[in-house]
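By written order: A, B, C, D, E and F. Residues from 1 in each chain.
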Amino acid sequence: MSQIEEVSLDKFKHLVSERALTGETMLLNMGPQHPSTHGVLRLLLELDGEIIVNCIPDVGYLHTGIEKNMEAKTYQKAEVMTDRLDYMNTIGNNLAYVMAVEKLVDLDVPVRAQGLRVILTELQRIASHLVWLGTSGLDLAAMSMFLYCFREREQILDIFELVSGQRMMTTYFRPGGVWRDVPVEFEKAVRDFIKIFPKRVDEYESLLTKNPLFLDRMLGIGKLSKEVALSYGVTGPTLRASGVDWDLRKVRPYIGYEQYDFNVPVLTEGDTYARYLVRVQELRESMKIVEQALNKLPLGPVRSENRKFVPPPRSEIGVSMESLIHHFKLWTEGFPAPKASIYNAVESPRGELGLLLEGDGGPKPLRVHLRTPSFDNLAVLSQIVKGHLVADLVAILSSIDIVLGDIDR
Amino acid sequence: MDKKLEPIVKAIQDKFGAAYEEFRDEVHLFVNAEQIVDALTLLRDEQNFELLSALTAVDYYPQETPRFHVVYQLTSLAKNLSVQIRVPVNGSSPKVPTATRVYSAANWRERELLDMFGIEFDGHPDPRRILSPEDMEGHPLRKDFPLGYEEPQFTFNFDEIDLRKPYAKE
Amino acid sequence: MVPVDYYIILSAILFTIGALGVLVRRNPLIIFMSIELMLNAANLAFVAFSRMYNSFNGQIFVFFVIAVAAAEVAVGLALIVEIFKTKKNINIDEMNSLKG
Amino acid sequence: MSSELIVFLVLSLVAVGAGIGMIFSRNAVYSALFLVLNFITVAVFYLLLGAPFIAMSQITVYAGAIMVLFLFVIMLLGAESLAPSGELPWQKPLAYVLAGILVVESLYLVFLQARPDMVVVAPDAAVNSMESLREMAMALFNQFLLPFEVTSILLLVAMVGAIVLTKRERAGQK
Amino acid sequence: MDWTIWVEWIVKGFVLCLILLTGFAYLTLYERRALARMQVRVGPNRAGPQGLLQPIADAVKLIFKEELTPAKVYKVVFLLAPVLTVVPSLVLAAVIPLGTSFTLGGRVITLYVANLNVGVLYLTSIASIAVYGITLAGWSSNNKYAMLGGIRASAQMISYELSLGLCFAIAIVLGNSMNLVDIVNAQKDMWFVVMQPVGALIFLIVTLAEVNRAPFDMPEAEQELTAGFHSEYSGMKFALFFMAEYQKMIVISMIAATLFFGGYREFWFLKDTIFSVDRYWFLGPAYMLLKVVVLLFFMIWVRATWPRIRYDRLMAFGWKVLLPLSLVTVFITAAGILLAQELNNQLYYYGIPALSIICAMAAVALIYRSLRRKSDGRI
Amino acid sequence: MGVEQKLGNMGVVTTTLESVVNWGRTNAMWPMLFGLACCAIEMMSAQSSAYDMSRFGMELMRASPRQSDLMIVAGRVSKKMGPVLRRLYDQMPEPKWVLAMGDCASCGGVFNNYAIYQGVDEVVPVDVFVAGCPPRPEALIHGVMTIHEKVKGESFKQYAEKYK
């Protein structure tokens, strides 16, 4: 609904064309509460009929102050904030954060924990892409798509719940490993999912990929060239659909991605259809990674033994005085990190999720900056929607797959 | 430091007299505010740093000179390299020339810094707040800006807080 | 049992209203509508006569009038839209030059 | 007074009222709606006169197409109400005088030629049957074939004209 | 005039309204349950047994909801618009024959309200004025989204009316009459859908557009225009729009059944059996109901599967595909009948469906070709 | 609310009618699409096949506040969003209910800072709070059921007094 009808032109004078000032083009306010803005994004549209002349995104309606809040918490406690950042990719955010902390304090992670991290991160990627597929189906009024995708997503959330007790905000990864080992049912749950999921992806594709109406809505819409994309800092599937082969999992492997055999889908057209295809292929690739990682998953500890940074297991606390002290120190005071700055990036479902973490020698970070992919991906929107129709805006917006929590932080 | 990065760092150091710092294989170069646009242009055009990964700032309050570091995290896709440029900025009227003409991504990021730190960017095409409400005062991510902590309501202090809690009316 | 004269009188009154509309209004869209009203008044008379003489010719005439009116409206409205787009105003008093 | 006369009088009052409302409405959308009302009452007159085909065409073409187009254009241009202009102040009184003369003159002519014996009765079943439609169609396609074809060409020309007039060259987008 | 005729008309009209109103209420439930089944859900099942009272709950709620009239609306038109939308949808059904006739107390009662000789024309004319409600609702709300919805509605309906009219023409030519009862009776030996499948298909597509159903639900396109033309309506006024939409669905399914699927008549191969409506009059309404339910299911099915077409494509599809195709089918139908009659050769009748199907396939091929050209060889 | 006000003023309290109306309101409570953050995703999950809010006649998510009865505030409300939220609430016709879904909407949750309203009850009056970060879909449905309970206990008289 357009709630703020009175668009005061003064603030946007320099952004709209001259025709808007004479009233020849219409200013339309889309959002912040609108069914297809995927959250609380406000778009100020300058329309000539139904053709978009200018599109001015207005973000910040979900500004949460996460960066500021993280500065006020110790390294362990700040992690819960990252879950709520990009709420479609909670586990990926945790991963980015714990990796940054590990890098800052130089902490090593056991192999089994790495394997678990890969499995869960990739499952999360699938879940995130499923939400994208479902909501972009909904945006094009293919409402069944939404319900089918959420059916599969439910299964992934059940796996998350199994390992962490929470469906979305798991905070399962901790600096130095994961919270605790997975239960025995975990393997079966994941295998079940692996078994049915590829068939389901085929089903989705049969509903959309060759559907003439869908093709008509998608083909050639919202073309994003490689140069523009790079200049705007666009990353992730959106960038790969524009012909840039850049996936941090491949080019700078972390948590053992180098061991797995998977492809990075790259298309060159850069339109909404290419972005759709890239993500659908990524669903299958992620599935491959999950399967390999599950097969390779070794036994062993899931947490680092470095007691300065990682709390001891519960069982030790009652027996060992030293463990009790460590536990107490870690949860009351936290661990100190060096006075230095690191930047760590991982590949989130939306692109490069970077974390600039600067310690000041104490137990709380001096500065946490979250380089969130949606922020830059959205910035390019005003460039690619020009000359398209309002209906295309909806398709384009869903194709770049933004999450407002990711943008506004 | 990565072998491939060495000549690049050398070139920047020679040209801009940049200080240099390394931590866990990450390279930080310190460039003056006046030279930052040239440095970025050079890195983008001659060294293939196509992607401005991050543009942010760090507040070292109460230290005043420099109070802020504006951080440019650059990535080269062609060479698979990363480098961080830092621009020290003083606390009184922090100003940096805009990098919008080099990287379009800088547009929103610089607006964010204007909003969050009050760092102004000379020549920015659209200097408005981006995340906070327009009528907000202060810059939240500065260290002297309070977190805005409100006391949580528990059973023991329920009534006390209830009295001053601004409940909405119908 | 309505005398045909009544229909003719009604037709005359409607025609006069249409003519008056053309004269007093400045909005070309309303002038246009008034013209349609005049055509309509004429049609009414035609159908009344057709009934009076028990012949289809009147009705066929009306049929043609309706078709022509449709054509006229299509072109006329297209013109008005174009004029509005170039002049930002469709007040009839200000359309007094041949230049676009 | 027969029931038909009552219907006629009521409807004619509505028609005249709608006509007057049409020319005096401040808002062009209301004008258009009054005109639609007028057209529909006239369509009822056609039914009373035993011309159902014309009545239906009237509603389909006038009310359903032409007036929707009018509304469409009014909304598109935002031309609901225009500021009155001060030019030609003597025009309005003159218009009323002329209209008065016209109506008096036409009424005089009608009464001069008055034929109260010619009455229109309610359409009987014969008029309302498929046969009458067939006859009309025969007349239309035999006797009036040339005008019919000319009309079709006229419509075609109008269509092309409307497209040419409103077509704009749009850069980039097809 | 005989006063009993008036009584009969009033009773019939009342019954028809009642049928449409309950039909509307249960169509909403039917749609919600059917959609839910297709989407592996359950659908409303809490209000009453199996959710059968759900429509009543909706109605009660809407009746007791506050009626908001926003400050900036054009009040008269704002109040008039819902009424203008509902009335045509009710009036449309008046000429549709729902069955043959039965005798009650020595009086033959026909199962239609009016038997117009220009019945088909009546349908087109009422359908053409149905757009006013939506357009005026959009305009009078004084809201940009509603306005866009209204403008879209009027443009869409004008465009699709032509094809609709041509589909009517196909039925007229095949039935050799404008009277709907005659058309139904002409389908005694063969439904027109067999004679002219393409015409029926076009009709079904066009009706989707005429009643603003997905994938042609432009005026209310939720994802683009929030709620479209009825954004500013609440309570009963909104319910009237809702009602009009669903009643139009029912009525238009009735029309489709009448024109192409044998109306109240049985399947043509059952014509002389015990299942014939000539034998038992009450089979007529039953067959009609069956056909309407099946056609409605088709509409719901389409909604569950297809994405929405884009607005400009919708117009292009109407003007560039449906209109030429329906023109061609009208021509083929007329020519086929003429040739068969003039040359007295029944074989020409077979040419009608064959040729039209070829034309339709050519049209589909053209659509795919344009898509392929746009896709840079990706499909 | 015209009818009720009159009934209430006249002192005509017909319990049967009341219960019918309240039954109608509980069974056809159309929620407004008001997803803000993480909880919005769980709200969508509640709509999906596994939990299926449509059983309660709630699948008609209205995009327009004019046609909705229940505002599910799903997620944190920032200082920038607050006025918009209030405006949407004001646009909803009576009777209307608000459900604060999740910790952030209820009390600010983990975000006790400058940017977030510490509870949406500072912006709009809330009927039911649902705890959880985010609450499970079952919890949301339980919250909705609680609102149903509340609605069933309301009488015309209360409304008449409330909106006098």
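Operating definition for what follows: a contact is a pair of C-beta atoms (placed from the backbone, for glycine too) under 8 Å apart; a residue touches a chain by one contact, two chains touch by 3 or more.
Worth saying up front: this structure is predicted, and the values here are computed from it rather than measured.
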In terms of mean CA position, the chain most removed from chain C is B
A-F compared against B-F, more contacting pairs: A-F
Geometric centre distance via CA averages, chain C-chain A, whole Å: 63
Between chain C and chain D, what distance separates the C-alpha centroids? Give it in angstrom. 6
Roughly how many whole angstrom separate the Cα centroids of chain A and chain D? 62
Separation of the C-alpha centres, chain B versus chain C, in whole Å, is 69
Check each residue of chain E and list the ones that touch at least two other chains. 39-41, 222, 226-227, 231
Which parts of chain D, given as residue numbers and ranges, touch two or more other chains? 53, 57, 65, 69, 76
Quick one: which residues in chain F touch 2 or more of the other chains? 48-49, 63-64, 79-80, 91, 112-115
Any idea which chain A residues touch chain B in the complex? 11, 14-15, 59-60, 63, 65, 67-69, 72, 103-104, 106, 228, 230-233, 235, 244, 246, 251-252, 340-343, 345, 352, 354, 356, 358, 366-367, 369, 371, 375-376, 379-380, 408-409
Could you list, by residue number, the parts of chain F that touch chain A in their complex? 33-38, 40-42, 44-45, 47-50, 63-65, 75-76, 78-81, 84, 87-88, 91, 110-116, 133-134, 136
Note which residues of chain E are touching chain A in the complex, please. 35, 38-41, 143-145, 148, 214-215, 217, 221-227, 231, 303-313, 367-368, 371, 374-376, 378-379
Complex contacts: residues of chain D adjacent to chain E: 27, 29-30, 33, 36, 52-53, 56-57, 59-60, 63-65, 68-69, 71-72, 75-76, 128-130, 133
The residues of chain F that touch chain E in their complex are 1-4, 20-21, 23-29, 48-49, 52, 54-57, 59, 62-64, 66-67, 69, 91, 93-95
